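Below are two complexes that have subunit A in common, paired first with subunit B and then with subunit C.
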Partner chain A sequence: MKKVLLSLLVITAFQVNAQKYLTKSGTIDFLSKAPLETIEGVNKSVAALVDAQTGSLDFIVQIKSFVFDRQLLQEHFNENYMESTKFPKATFKGNIENMKSINLTKDGEYDAITSGKLTIHGVTKDVKQKGKLLVKGGKIVLISNFSVLLADYNISIPGAVKDKISKDVKVNVKCTLDPIK
Partner chain B sequence: MNKKLAYLLGFLIIAIVGIFIVLKFVNKPVNDYSSKEVKTTFSFADIMNKVSNDTASLTELKDQLVGIEGLVKKVTNDSTSTTLEIGDTTSMSSIICQIDARYKNDFSNLKPGDAIAVKGIITGYTIDTDLGFGNTVEMNYCTQLKK
Partner chain C sequence: MNRLLFLALLLIQQVAFAQTDTKDELENLLSQEQKPVKEFVKNAFKSSRVINGHSMEFIGKGVLDFRILHRFGALNTGWRELFGLDQASMRMGFDYGISKNLTIGIGRSTFNKEVDGFVKYRIAHQHKGLKPIPLSLIWVSGMTMNTTKITDSKLNAFENRLGYYHQIIAGRKFGEAFTLQLSPTFVHRNLVDLPVDNNNMIALGVGARLKLTNRTALILDTYPILYGDHEGYNIFPLSIGFDIETGGHVFQLHVSNARGMNEKAFITETTQDWTKGEIQIGFNLSRVFTIVKNTESSW
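Up next, the complex of A and B:
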């Protein structure tokens, strides 16, 4: 009996670890705060995929899917700063380095360390970032907050609005991923 | 009233009107497409067929207002927004519609499996070859498609 229970436990644990988690409606928002103007954009159609077995983590973000409250901001963001017709997507391809220390069978909040390649505006950089991974009712929630220096990704600000736009942008990520059945 | 005062008054009126026009332009809210006519309406299968076999015509639909008919696969709600995933259970591929926040309440009773017709701006698509996401088409500022 003990052997059967142990086998079941091992099989269940293996299935959890072999599990992939996905969302196509994750949220990324950003905030650019400068003395003269605050700019906020939000994208609620972010795709994210976690492979629990390998720890691989992928994000795909359509730049034109960012929503603003003012039409002029939306046009400037797409045409002048992000050049979203030329560079339609931002991506992250990397790993959750400490995936093995996260127990996906137990609800709770875990520290997650991610590293990989972040591509924005056609420029790819190696990044490493701390975040949180929440396990809740079989789902996982990825949460991270970080800053992006616009110059690192060759995003230039026209001279006329240079003082209006912050040189770095605060980015917040929150994605709730469902297990793929 | 002397000439100087008249000029000054005229200048002030022009300046105030100018500032008003500039502020109105700068603070104009994002476009509301709820009353606009769609270019074309597609079924979910039609759009996914374009993603697989005819990306040239799908690319032409980018930034255009189109209608989509299909089944709700998932509804993601928070206090300020609703995002719909349109698709079916046989495939990972889907259409993601960010609902225009001004019309969020029109979608409050939706649940997976419901038939839906929406219109919105196509913002892009992703062809997945290796990750397991399935193909995805994204739309913004979606509202109900009324027939």
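Up next, the complex of A and C:
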């Protein structure tokens, strides 16, 4: 019995020490292409965490860290659309479902099926998305491109600017995660 | 049996522990080494002007703001003048943001054919977080030049056309919806119309904004005169308006008793009386152009 207990403890200890990957400077940019205007915002301080053992995947995106070429757009983005003082961050909490089939010790490009909860503007939705996971010299790179329908997250576009802001926004994720020592 | 139960409990506990641990692990990792940052207060006003007077807001580095201010005639002129809409007076101007805290601007008003220019500098910027400051402090200095024909040849000297103003704005955004600023202003005119007029005047500007929705706000802009007014002639300017934001424009619709559209003009040359219905409708239109691309986030 004692052996069982011991081995159990060892297993748990191993789980806690399982390899994790982290970045605080990942990139997420988005593109809104409307008939009259193309708007682009870039965030270069995205935080992401991958747990290789459980396959869990988390993102934290500070809304105020998005940079726009035009300051007025940035102001409106924060003030009118994302309401960044009320909802300072967007998050994703989920899993890489096929983590088992990804060999993190071997460089290469893998398909990653992710699912989880995406929270933007205070609204949480279940999402499932296919992305890419690159293994490069012990680091992992997460790449994903997807569309977000603004209405899904209670972000309304006033009539006056409906030709300037697209109803769905293309989001590109590229994060390079380093193993945590 | 007891032992098995104990083991099962231990296992459940472990799993539960592991789950709560990973749930906010990223958040914990981030907060561990997060340095406090200065969280600057933004959008205290929607525009760099309350209505007529300067606001505590800046247009930002590399931004050119093309401003058209338009004032109709007095409402009490009656239906023959379509309640003032037949008449118009305007100021056209350009403001440019040299840096985040420094703006310069020029403009020309049809009222007195006056050219004006100003420099506006932010001494302190209200922020939370690291070493918080509860209010913003701004210094503004401007100069005006009347370009009408001076008929009296004895008075026809360049310096007689000039006026100056200096202003300190102390403002604070209280929460998301309300902003209040006080702006003591000193105005000097090199030449005044009458011997009883004072060359120097001091007014205390009061500007307020109440946010109604994400794109609209109620605004108040008034400059009670503290010193130097010619009684029975000068009346303090009072403007009440409505900010509407549409994409790249800020549209300010208001009613006011002031005709002047620079600090010297609206402080020293306002003679219309609200109580007699001598007010007019006016609007300010602002269109910004990005000259230098922005590279800074909104922190």
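Quick note on the criterion: the second predicted complex is superposed on the first by the 164 of 181 C-alpha atoms of A that agree within 3 Å, B and C clash if a C-alpha of one lies under 4 Å from a C-alpha of the other, contacts with A are read in each partner's own complex, and residues count from 1 in each chain.
One rule holds for everything that comes next: a residue touches a chain if its C-beta (ideal position, glycine included) is under 8 Å from a C-beta of that chain, and two chains touch if they have at least 3 such contacts.
Nothing here was measured: the structure is a model prediction, and the numbers come from that model.
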Clash or fit: what happens to subunit B and subunit C when subunit A is overlaid?
-> clash
Which partner does A:I113 contact after superposing on A: first (subunit B), second (subunit C), both, neither?
-> neither
Given the touch rule stated above, what does A:K24 touch, subunit B (first), subunit C (second), both, or neither?
-> both
Any idea whether subunit B or subunit C touches more of subunit A?
-> C
Looking at the overlay, does A:V171 come into contact with subunit B only (first), subunit C only (second), both, or neither?
-> neither
After lining up the shared chain so the two structures overlap, which partner does A:V127 touch, if you call subunit B first and subunit C second: first, second, both or neither?
-> neither
Touching A:L72 in the superposition: subunit B (first), subunit C (second), both, neither?
-> both
Answer with first, second, both or neither: which of subunit B and subunit C does A:I102 touch in the superposed model?
-> neither
Could you name the one stretch of subunit C listed in 2-10, 236-244, 254-262 or 290-298 that collides with subunit B in the superposition?
-> 290-298
Residues of subunit A at both interfaces, subunit B in one complex, subunit C in the other = 22, 24, 47, 49, 58, 60, 64-65, 67-72, 74
Give every residue of subunit A touching subunit C within the complex, in rising order.
-> 1, 4-5, 8, 12, 15-16, 22, 24, 47-49, 51, 54, 56, 58-60, 64-72, 74-76, 78-80, 83-85, 93, 158, 160-161, 164
What residues of subunit A sit close enough to touch subunit B in their complex?
-> 20, 22, 24-25, 42-45, 47, 49, 58, 60, 62-65, 67-72, 74, 88-89, 176, 180
Of all residues in subunit B, those that touch subunit A in their complex | 25-31, 62-63, 74, 76, 81, 83, 85, 92, 94, 96-98, 101, 123-124, 126, 131-133, 136, 138, 140-141
Per the touch rule, the subunit C residues reaching subunit A in their complex are 3, 7, 10-11, 14, 18, 21-23, 25-27, 29-30, 42-43, 59-61, 63, 176, 214-215, 245-248, 288, 290, 293-299
